[in-house]
Each structure stands twice: as structure tokens, then as C-alpha cells.
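Read through the structures below before going on.
What follows is chain A paired twice: with chain B in the first complex and chain C in the second.
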Partner chain A sequence: MATYNVHVTIENKPGISDPEGETILNDLVLKGTHKTVSKIKTAKMLKFTIKEKDKKTAESKIKEICDDLRIYNPMVSKVTIDVFDA
Partner chain B sequence: MSLEPQELSELKSKIGREPTSTELQIVAAEWSEHCSYKSSKRHLKMLPMKGPLVITEKGYDSGVLDVGDGYVVTAHIESHNHPSAVEPYGGAATGVGGVIRDILSAGTRPIAIFDGLRFGDIEKDQQARWLFKNAVTGIADYGNCLGIPTIGGEVEFDECYENYALVDVAAVGFGKKDKLIKNHAKKGDIVVLMGGSTGRDGIGGSQFASDSLESEDRSAVQIPDPFIEKLIIEAILEARNENVIHAMKDLGGGGLSCAISETADALEIGIEMDVSKVHTRESDMHPDEIMVSESQERMLIVTSKTKFKKLQEICKKFRIRCSIIGKVKSDNQMHIKKGKKTFAHLPTDVVANATLLDLPSKKPSYLKTIEKEKKLKTISDYSKTMMKLLASPNIASKIWVYGQYDHEVGIRTVVKPGRDASVLRLDHGKFLSVKIDGNPKQCYINPREGAIGCFEEACRNVVCTGAKPIGMLDHLQFGSPKDPEIFWTFLESLKGLTDFAKDFKIPCVGGKVSLYNETPVGPIKPTPLIGVIGLIDKQPQIPQKIIDGDYLIIVGDTKDELGGSEYFEYIHKLIGGKCPTVNFSESKKNMKSVLEIIPKQLLKSVHDCSKGGLAVAVSELSLNNQIGCKVSLDKVPGKKLAVDRVLFSESHSRYLLIFDKKNLSKVEKILKKNKTSYNIIGKFGGDKIQFVNGKKSVIDLRVDKAQKTWLNSLRDLVLHG
Partner chain C sequence: MKVGVVVFPGSNCDRDMYHVLTDVFNLDAQYYWHEKSLPKNIDAVILPGGFSYGDRLRAGVIAAHSPIIKDVQKMAKKGIPVLGVCNGFQILVESGLLPGVLLKNESLNFMCEWTNLIVENNKTPFTNQFKLNQKIPIPIANGEGRYYVDDKTLKELKKKNQIVFRYDEVVNGSSNRIAGVCNEDGNVVGMMPHPERAVESEINPIDNKPSSLIFESLLSKMGVSN
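Right after this comes the complex of A and B.
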């Protein structure tokens, strides 16, 4: 068994609006001098530390947990899972 | 896409050619049940819509009532059932947004929000708890951000809503009569789209709402943005004051397709628009997508070229985008272009008026036996039953829900939620009382009497505040109308509502029909929801603290009507029995008496008997005032009944009047003069809720213990399962 850090990023699906990101872009970033920025998207990240036999199992286990416990709504959110060695 | 084959051939014969893909999208959106009311419209005409206070104007999305001194009140009801069932937070929030823009369209400021929520059995079903919790948060977040108080509503749980949600939102607006938008347009006027950008969210939402919820793979999810909505409200109201709006419509179901075709049809004009002028969220959107996108927080405005400058200034001030997307023509066509290329060119009356259906109906077979009662198990301890009822999700205090809503912002709220109906102060010294009510359990047993019962209950609630009902909103929610048995229940409910509205002279000022509410386990129970708007000329009945020695009178007879009651369904798990029936003349008499006593300021509190019957109604008074009471069941007017029936019957037209002993003769004088059926049934005092039958004790509960259960059980259930 090895220890892995698993990062779960939850964001709105592409095409679904993201008022928080748009507000940060329009009312904060673009109001300054940072005119090269064209888009900001907000997301939520959960960082899990898990002991599993390999990377693949760690990823599928975390996916299962997030699905079961309704940590995100599959209708709205896109979920990306990244696994790192601890 | 949901144009049926015969609809497609009809469209072809009407326009005399093959429709383009954009035309197909537009027509499919507009001819969907959600936008066209094709199954119900033919029948909705039976409702009385006119009255001395009703102001009608073409193209209004909300009902307008004249409340005197140059002021008007607007009201509208909408539902967001399908979107809320898949994404409760966003679905419920955008539902609030939609109905608020309908109020705004008439040129009035939204001043209050009401919501009626229905979910599956939250005691057993985790999904129902998840839906409930998130829908409530969605409404709270959206309403609170806008600074509009959410002051009333109702919450109910029933197994028929398994894996589903009914989220109904009503809103009330207030404004000056001379500032109402008189929708008009003439050739050469320009068409402006203001508000949020158009994106791919909610594409096909109205068709989605007109299909049963089978698969979850839909894109009809909408993300709420209350801050843009707030800016839109302020910008529109300023534009209204500057007289720069000729006509206005909010973009709801069907997006631009519906807004353009309905505006053009209502105003008898043509509109030519260019989709490349619409401000979009993504650059690669196809004209079809732009036309049917249901992105939230958008308004369509018709104005003149000269006034546009002012409108643009206002939009700039509030930092809202606005784009000229088209112009008004006189050819009664909707002409959709992208640059120079035409994508759709259709007569507006063809688009805006789907062929109405005349669906068959048949009395459901289950109704033959439903009124027969099965033998009930005997109950030895009614105190225990009472505690169980006070803890049940349908009866327990809803403070966990309305506690999350800001119900005082705007400083109009005179009577707060948690009582019968909330009361709002208006600017000209009058008061407004509004309540929404539904009862699917009774409507299932008897669709006609159940619907009338909802109507009367909503009336009762506003009457308890001293308000005279002046208008009604109906929201009719049923399963698939293609099932003749379901359609029969729709028609019966509608006929019942029509009879009551005509008899009581309460016009229907607005409404909505939501069909195809089907869950994976079948259709929902018939769920008409009725909103009643009441007006108080002078002082509302503001509940005062009940103290030791205060008297309790019940007005109205208690009958053997326990079908659909919480006692039968929750305690005995029995669906059936006789549905409570409203006797119109009795109902009128009781209403009249209560409305005659209230202005004399003789009463401390007035409460109606509804869910859970007399036992629950009296207990609520005790629990709200933290005082005991002693009620004699043998004194309750009506035919002699077994004690459990007197306690828990949900007969209509009953009011509880609480007053100081010294006012007894004055109260009785009015009741006697009107030949009202009533009796003194008890007194308040002590620290126990007691119901006795003669000398025999039936229920004996400590107020503090009962209060703890009643106040906390819903919250505990939601948060801890």
C-alpha cells in the first residue's frame, strides 16, 4: 500500500455560466492594468490523502466516494481527478 | 426537438414549404406544452378573469389589480419543477428570477416572494432530503441577494414526488398605475436585448419541461446570477420612470423564440432580428442555439431610436449589457437573420399560436372505491399520536425553511411568516395579505373538492389577517395530459376552481399550467396550488400574545371528513376516506363574520384549522404563545363524532378566534347576528395542552416538550437524517 494525494477539481461544465469567475474578471482583474487576461473560471478543489495499492485504484476509489456522497452534481459540474505520489 | 409528425405537417401546410432548421427549433420551443398551453388553453377560458379591480393590457405576464389611490399590485406564479429536480439549487433560484422578471415586465417593483415546495418522503428518502435542502438554499440565496423578502409559502412531503420536486414561486409587485408599461410598438421602433449574455445553458428547457423526466442527460441546467438580476430590476425601473420603454417582455422558457414571437403576436407587429447582434457567452454559437437558449436574467425591450440613447445611458450606469438586436416592422412576420442571411421567416401568429388540443378524459377507476374507509387500528394514547403528528414533516414548524429567508428586507412585512398569511404594508396606508396553498393528498381523493379546498384554505388564511380576497392565482400541476384519467383530474380541478371563483367573485389574475410531472414511479398526485391576494383597507389583525384566561371560539362545523388528512395518511398509513367538502354558503357566512369582527379590534389572534385539524391548530396557538390550553371536544359544533375525528378532521371553513374574556359578548353578538355556527370550546392558561371529552382526558401534553419537538424536528431530519 502506498500513500497518494488526490486532487479533485469541481467546476461548472463548459458552456454553463460562472458568475463568480466573471465578476472576478470584470470587477477586479480588468479594472486594473491586467488587460491580457481574457477568462477566469472558479472551481472548488478537494485534496484527499489516501492509502491504496496503486494510482489507478486511488483514482477510482476517490471517484466512487465523490459520486456516492454527492460531493458534486453531475448535471452541473465537471470533475477532474489528479493523483500524485505523497 | 419535440415537434410531433402531425405538427410538422401542419407547420408545412401553414407556411407552404419545408421549414429551415432554425424555424423548426423556434416552433418546437413555442409549440411545446410549456409555452403554448396546447392541452389546457381551451379549458382555462372557463375561469373568470375579469373583475372591477382587474386591469388587463395586452402582453402582460402578470396579473394587475387596482388597489386604489393610483396604486396597483401585480402578481404572478411560476414553477421550475423539471430544472429543480435535476439541479435543485440553481433550478429553484432561477425559478425565483423568472417570476420576478414577470412582475418587472408590467413596470412594477417586486416586493415579495412566496414559494411552495413539494418533495418525496424525507424521512426515508435521502434524495428527497438533498433536493429539499438545496432548493431552500437556492431560493434563500437568490431572494436574499436581491433584497426582496420571501414572506410565505408552504412545504409538503408525499411519496408521489419520489425523485422529483415541485418548486412553485409566486411574486407580488407594487407600483403606480400611471407608470404601468402600456405595451405598444410601431414601425421603425427598435428591439433591444438587455441583461446577461446568451450561452448554451438551458437549451431546449421548455421542451424538456414538456417531456417526462426520463433520462438525466439534459443540458437544461441554469446558473443563477442574482446580482445581474438586481441590476436589471433597478435599470428597468429607472427606464420606466424615464418613459423609454414602449413594450417589454422577460425571456423565460423558449428564450428569444418565445419572447420575439409572443411580443410580435400580442402587439400585432413584425420583428426582424439579427442573431449576430446578440451578446453571447461563447463565440461559436449557432443561430438555432441563440434562438432557443434559456440563459437567465435577460429582458427584451421595444423602444424608439431617439429613446434608445437614454436607455443605453441607464444600462451603462448599472453596467448591464444591452444590444439592439432588431427592428419593428408592420408585416406580422418574425424574420431571423444572421448578417444578410435569413435563417427563419415565419408569420408570428403561426409561431405564437399552436393548434390547441382537445384531449379525451375519463374518470379514473381508483376513484370508485377511494372514499371507502378501511378499519382503523385503535389508538390507546392520543397524547402519543399528537406528539408524533407534531414531529411529522408536514406538520412540524417550517422555521428551518423560512428562517433562512430574509423576510423583512424592504420594511414592509407587518405580519411575518409562520402564521396564517403574511401581511405587507403598502405606500398608501392599505395592507396586502397573500397566501399560497395546495393539498395533493385531498386532491388525489377528490380532484374537484380538493382543489376547491385549496382555494378556500388560501382565502381563509388571508381572511385571518383581516383581508378581503381580491384576486387569485392558480398553478395547476399534473402528470401527462395524454393519459385520459389524468386529464380528467385536471378538468375536475379546474371546474371546481371556476365554480368557487365565480361564486365568491374572486377573479383569476394569473396562473400557470405545468403538465408532464411524471416521476420514475409514475405521475404525481394532482397538485393545484392556489394563491390568494387579499386587501386590508385599515388595520390588519396582528397576532397579539395570548395570556392566561383568554377565550377560544371555533367558527364553523367539524364534519366526518378525514380523507387525505395527516391523521389518516401519516398515523394510519391510509390513503382514502371522505375528502373535506366546502359548503359555499357556510364558507361565505363564516368569512363574512370573521371579516366583520376583526376591524372592531376585539381579537388577539385568528387562526384557521387545516392540516392536522383542530388538534394541530389549537396546539400551534399554544406553541407559538408558550401557553397551555384546555379544550372540550364535546363542545365542538357539528354532528356527534368519535373523539379522533373531532381532533383530526380537516373540514374547511373553520376559524379559531382568541380574545380577552371581556370582549365575549361583542364577539358573540356578531356571530349570532350572522347566524354563524360557533361555540366557546376552551380557555388558555397553565403549561399543558389538554383536550378533554366531558370529564375524560384525551390529550395531555407539556407545552415546553411539545414545542421543542415541533420546532426542531424538521431541521433535525434535514441535517441529521
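Right after this comes the complex of A and C.
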């Protein structure tokens, strides 16, 4: 068994408005001198630490947890799962 | 008539709801802690507002996994009236009893103000005393009250008459200005505004009668006279 750090990023699906990201873009970044930025999306990240036999199992286990416990709402959100050696 | 008021860690409208049920409508109400089960002889269940689990992860999602929710689901299936108000609505959505999802208000603000609802479905146990399109002055108090459904689900909701309340004007960016919905059978209703804060003339500066009809509808459904 090895220990893995797993980052779960939850963000709105395309087409679901993200007023926080839009505010950061329009009222902070673009009001300064950083005119090359075209989009900002906010997201929530959960950092799991998990013991599993390999990276693949760690990823599928975390995916199962996210789906079973509705860690993200599938109607409006998507998750990205990144696994790292601890 | 026995009404259960479910209490989660972080519920804060449970006592207002209990007061209205018992002192205003003379109902036999009981609190039920979320880790307990509901008795079989209960006639209606209310999930009150608040901030269960401090809205951690997402409003309502952690409470939706509480042990009592299994009983609420069983009762909902049997046709027993279930009402979720504000956080209670969020819990009903997250537990799969109602469609859709509640997102942060478009303004990102916590909104605490009076709104006007329009009754779109007067066939539910909580709206049977209303006329269609009747207006209800009622307060909202939420940060995550923007009801969202995709276009396909919205069509289904319209077809199956599951939209119960709509805001009279754009309030928070909700899909189709939806403020409350019901399940396909109509016995489970969720709404973001707070009827328990609007049924008494002492605390309602506009008109307390329309909000009272929400509870009078339940009484009528149960064949109880107030």
C-alpha cells in the first residue's frame, strides 16, 4: 500500500454561470493593467490523502467517493481528479 | 394531526416553524433530531431553514446523508406531505427528493428581503387553498437560493406541473424565476422563501393571509379545521 495525495477540483460545467469568477475578472484583473486575461473560473479543491495499492486504484476510489456521496452536483458541476505520490 | 419538524445541526428556523405549527395552527408538532428515525404515524414532515453543517461543501449536501433522510424518503414515497423551506429545500434537492439544484445567488449576496411569489400549482398539500396565480408577499433569506435546472428538466417540470411558486420579478437569477417546486406526485414541496416568518400580522407588514394559506392547505389536506 502506498500513500497518495489526490486533488479533487470541483467547478461549474460550461454554460453554468460563475458570477464570482466574472467579478474577479471584470472588477479586479481587467481594471488593472492585466488586459491579456480573457477568463477566470472559480473552483473548489478538496485534497484527499489516501492509502491504496496503486495510483489507478487511488483515482478510482476517489471517483467512487465523489459520485456516491455527491461531493459534486452532477447537474451543474464537473470534477477533475489529479493523483500525486505523497 | 402529527407534524414532524426535522432538526439538523445548524438548523435555525426549526423553532419558528414549531411555533407557527403549534401556536398559530394548533397542530401537534414534534422535533426530530436528524440522527433519529421518524415514527410511522406521522402525518406530515417539515425540513426547516438554517445552515445545516454550516453549508460546508454545499448547502444541504451533508444533511442529505443524515439517517433521518431515509425515513423522509420512505414517507415521501407513501404520499405523506413533506415541505422543505430554504435549507430544507436545499436538503430535499440534494437528497434526490426534488429535481434541480440551488446555486449561489447571482449577486453573490446573502439576500434578506420581501419578495412576491406567484402560485403556479394549487394542487399540492401546501397550496390547495390558493387561487392559481395568487400573489404571496413573503421574505427570503438565503445566500444559495438560485434554483437551477437544465432546459430539458425545465421542460419536464412544466409538463408535469412541478413548478409550484415563481418570483413575480427577477430576484436572484433562478431558472424561469422558480422559487419552489414539487415532486411528480406533488406531495413533496420545496421553497426558498420562509412562510413561517410571514403568517402572523405582527411580523408581516404587507399581508399575512396568503402565507397562512400554505399551512391552511395542509390542514385542509388532512381534513383538520383550524
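Definition applied: the second predicted complex is superposed on the first by the 86 of 86 C-alpha atoms of A that agree within 3 Å, B and C clash if a C-alpha of one lies under 4 Å from a C-alpha of the other, contacts with A are read in each partner's own complex, and residues count from 1 in each chain.
What we mean here is this: a residue touches a chain if its C-beta (ideal position, glycine included) is under 8 Å from a C-beta of that chain, and two chains touch if they have at least 3 such contacts.
What you are looking at is a predicted structure, and each value in this text was computed from that prediction instead of being measured.
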{"item": "Contacts of A:Arg70 with chain B and chain C, given as first, second, both or neither", "value": "both"}
{"item": "First, second, both or neither for A:Thr23, with chain B first and chain C second", "value": "both"}
{"item": "Contacts of A:Met45 with chain B and chain C, given as first, second, both or neither", "value": "neither"}
{"item": "Partner chain in contact with A:Ala2 - chain B first, chain C second, else both or neither", "value": "neither"}
{"item": "Overlapping contact positions on chain A, where the chain C interface meets the chain B interface", "value": "16-17, 19, 23, 70, 73, 75-76"}
{"item": "Touching residues on chain B, where the partner in the complex is chain A", "value": "86-87, 90, 130, 196-197, 199-201, 216, 218-219, 221, 223-225, 227-228, 281-282, 295"}
{"item": "Chain A contact footprint on chain C (complex, rising order)", "value": "57-58, 61, 64-65, 94, 100-101, 103-104, 106-108, 148-150, 153, 173"}
{"item": "In the complex with chain C, residue positions of chain A that touch it", "value": "16-17, 19-20, 23, 69-71, 73, 75-76"}
{"item": "Chain B partner contacts - residues on chain A that touch it in the complex", "value": "12, 15-19, 23, 70, 73-76"}
